[in-house]
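Per-chain numbering from 1; labels A, B, C, D, E and F assigned in written order.
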């Protein structure tokens, strides 16, 4: 069976933690690989606590955010890479798309995960979606041999946004993260300035666990993460 | 791992063949069980060729349709059961829903498949959907112990209708049926009066195979069947 | 070319006038036939002015409503038939559906028009839709010979409801009614107790005329009626 | 200004507590009135813990559920009325719709709240929706005088279901329940056999409070309840 | 209570008049403030009558359009500002977005209104939407302190487009403009070259008034404007 | 009656053949004109077979693709023009949009056809849609005289994509291509390196023919092409 290689791309450096740390840990625990890319550090729009420190600088905020994200990824066993493209707004040029496409050709992900296309509360999340969707298709060709280097087609999903219904998020997959939940909590704990979100996403994982129990009747599921598939799931059997 | 038990419910006796014979064969080949229920024989609305025979009677049409469906199911290894509730219109009373619910409590399906909720070209298909959805929920309780006998929660999907876009059908799962396609062809061949549909659904399976190849890059897939999941898929990992 | 036969089915006796009198007149003027069916008189819920008359009775209200609708139909050249099934709520039994199906088998409509499926402001309009959709499919068979008498497949559209956006109404067809607008006004004028609606739907026809001009650039269009097709339009050419 | 009269209709006797206790308390605290109707007790499908008691009977379960719901309503200051129509399935006849319509004509609600129309996990919730929608329209007439007693038009909303995205629930209104949250907790605590749901909906209220803070920037909001409006909101100004 | 500050942004200089003059007048009459921004004058695509004048120049058309819009705004008591970015196509660069964001940080709107995101009949309206949505989010931060100056979160709505159903416009709010309708008529009258639209939008306001009466039963409402909220409405109570 | 002038715009040079060759042939056979524009040759992403040839160059691939498309267009009687803007990704600048708009002002199409707005499997198809939609609106003005040269409003449709349900494609028009199907086959045969697609789209045309027969009962229809209208259809009568 093919090795699983998961690529998670977030707009800001902490996004992958709240929304997909469980599945990252799961895949690595099962022998797969996972790579996390942050298009920006969220240094302006999502680092409010850090800016309360007197004399704070953008470089220092970025440095702290990098360290936190790298430490979080380490708890899960994943590689972390930052593109540092700026936030609020996140501006992505053709070169940046090409850089991500090149990374995809190198890493050859079997699964790609990012933000949903819509987010009425965040200007950068839809930009991240568009960037990933474009880079992924640019590496794919039309299902035939191409005049350029391709990556094999990958599964494509989006993780759960903060206000799911308002982002057109329909959960179509619940991943049981019960076994790796301690790792997710450890990763979240690295985001020291965001105590409230640690509680919020711990409870959210338990709610999704409740939903997954209801769907299956499997009482062993305690925590879960929700995803929406964007292309059909091809399987050997139901 | 739990044994797979697939329940397919069609409005008319031939529906399961065109739309899900591949997955039925697949599950049985892999050691699971499959049961097919036909709510009616389609004796009035979908047996036109048979009515061209002089002196034809409804009883005789039903008898022929039963034999064909049973023979098709036998090619796949599945059990076939007919409720014989009439067609055009298919009328389903509370007792009939209760009968299907009882069958679910006995068979304890892990996967339930039926028609989509919408079909602008057929009065009976949506009735079949409603019947199955209601019976399934009536056996489920609210995820807690109940004051009545329940069946464990099952996966719930709809198979591909004849004009997918007009029935709100979004294919979310492609099942590779390459290995069992000869069985599907044999099952379809039992529907002797419907030569055209045999070609149509053979080509359709190949088209869906093409789509599945495009999604995965897996050139070994030749034929596929398409389904839409109605409740989230709970999985151990992506 | 085949003769056009239009069947319009309204929940209440005045519905066809406001929403489709133009197209009824148009088809008749062009040599086709048109039949209007009212499932009820709207005697309780839509005849408020009449109930202000001292000593008013339900029978008398129905009688007045019948006369008004028949006179309106006469202005257009159409036949009017009332099923008198009651309103608020409109209750339609299996026998009533069968009656409408029988009427369809006799009249053999090439075009069927009724209310949209959704109306958050009226309990009877969705019932009319469901009745018509069911009767229409019960006369159609599955595109093959059937064990019962059928009518040829017909075009199927819904007319414009009072609050279009809230009824899921997407106008896909604008019919130019400029030439027959005087007839529509005459038909509307028969609804003597509903002065306001006469102004409202006169202005509405002009607004739809404005929309149709914008779509085509054809300045000769002054008034139009809007419809939504429910099944694809099959044409000899674009 | 007109007195607010809120009518909440649940399929089962505990539904109103988890989903709308806050807004019920809020309206009463502000001098309005609120009435809660439960179409059934949820005695078979949602009373699992009670059925674990040896020798349990349906009558006894209903009696306990009635007492709990009445006590919860009392914490909020609302009247509680049970229709006792049975659950799994909840069967609602024309007489039951008429009974609810009569209740609406008497209570003259200015706001009506019930379940969303869709729930893939519960057979009774959509039945409750349909019942309420039908009764509400049957009391409304067509905006003119009618041949029957009417209630004034009311606002119409649905409360938050257990798995919002899968029920087509789009939150369009967040009500700040910070001030009355202790009352909601007291009401929830009456549902003694459902400890887990008490935690779940306490956390859910806090999450919705977080969403409401994000929308407004108002840090004083700690807990909120989410609703979806089904008809437009008519206001004196933005 | 917080002062209301309404910001209306139109693609062309007359847009705000037809679609939102009533609510602008209403808010000012109640003691709030309102500012109107026009991204372009619509000098090429929407000034057809002016171009019929021999020797007409683009500068002169802009000058006339500015005067008309300023006069219309004056009837309502609002400030008018033109960005003069050109039309057909309206091109908005990053600097223009930043200019609008800066204006938002200064004006600190509590309510922002613009065009819907979709318009199959106009290339500039969706550009206006995108510009406003982006500028608004760039001033908002992620609900926490930010590394840049923010404006408080604002309500966000779109006004009614010319062909609502085709622009995905679902009216979720009707504002009663009966009291200020004379002001709206005066504002519309300034658009001297667009006589037909004056009639059209006068009738439209009356139709929306009819809809609002139907929703509420409040016969005092004669004219209304329709809006669609894009983010949930947070309220103290239903 | 006005001469029909059809403009088909594809992202890659072969797109028009698979998806609209029938309707192109039909319109020309009936005395209209048709022009095909290819924004790129698909030289990198869709010419896999050609790249298997040793020493292949991009220029040579383009040259072969041009010859094939021109030959296919010749079978239908249409003019073919290539913009040669590159593929994977197709990049379209403002100048290219202006070039297409200029072409529209010259050709004055009465019908414009292109790709749907969404395609999760192709990065270039949505770019083609956006280009065409923008150019078309830039030539239209606002339904009044404009300060620039306009083309008359045209009908606007999208042709069938490879995986229709996943591209939001709802077939609203089926065009009977039975009479011109030999021409479509001849055009498809020019795409020598794409044997499989020739079979695929031959079968697809027959499936759509089956759908069109089902909609109409017209057994003479053997092959059809499916389209989705994007703006309402204005007609003289139903």
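Some points to look at:
Throughout what follows, a contact is a pair of C-beta atoms (placed from the backbone, for glycine too) under 8 Å apart; a residue touches a chain by one contact, two chains touch by 3 or more.
All of these numbers come straight from a predicted model, not from anything done at the bench.
Homomeric contact chain A/chain E: same residue numbering on both sides for under half of the interface positions.
In terms of C-beta pairs in contact, the better-connected of the chain pairs C-F and C-E is C-F.
Using the average of C-alpha coordinates as each chain's centre, D ends up farthest from chain F. Chains compared, chain D against chain E: the Cα-based superposition rotates one onto the other by 180 degrees, nearest 5.
Here the spacing of chain B and chain E, counted between their Cα centres, is 52 Å. Averaged C-alpha coordinates give centres for chain C and chain D that are 37 Å from one another. Multi-chain contact residues of chain B (touching two or more other chains): 121, 143, 166, 171, 211, 214-215, 231-232. Pairs of chains in mutual contact: A-B, A-D, A-E, A-F, B-C, B-D, B-F, C-D, C-E, C-F, D-E, E-F. Considering their complex, residues 121, 162-166, 169-171, 196, 200, 203-204, 206-207, 210-211, 214-215 of chain E touch chain C. The residues of chain D lying in touch with chain E in their complex are 4, 6, 23, 26-27, 30, 111, 113, 143, 152-153, 155, 157, 171-176, 211-218, 221, 224, 226-227, 229, 231-238.
Interface of chain F with chain A (complex): residues 42-49, 51-52, 58, 61, 88-89, 91, 120-123, 166.
Taken together, the chain D residues at the contact with chain C in this complex read 94, 133-134, 137-138, 140-148, 156, 230-232.
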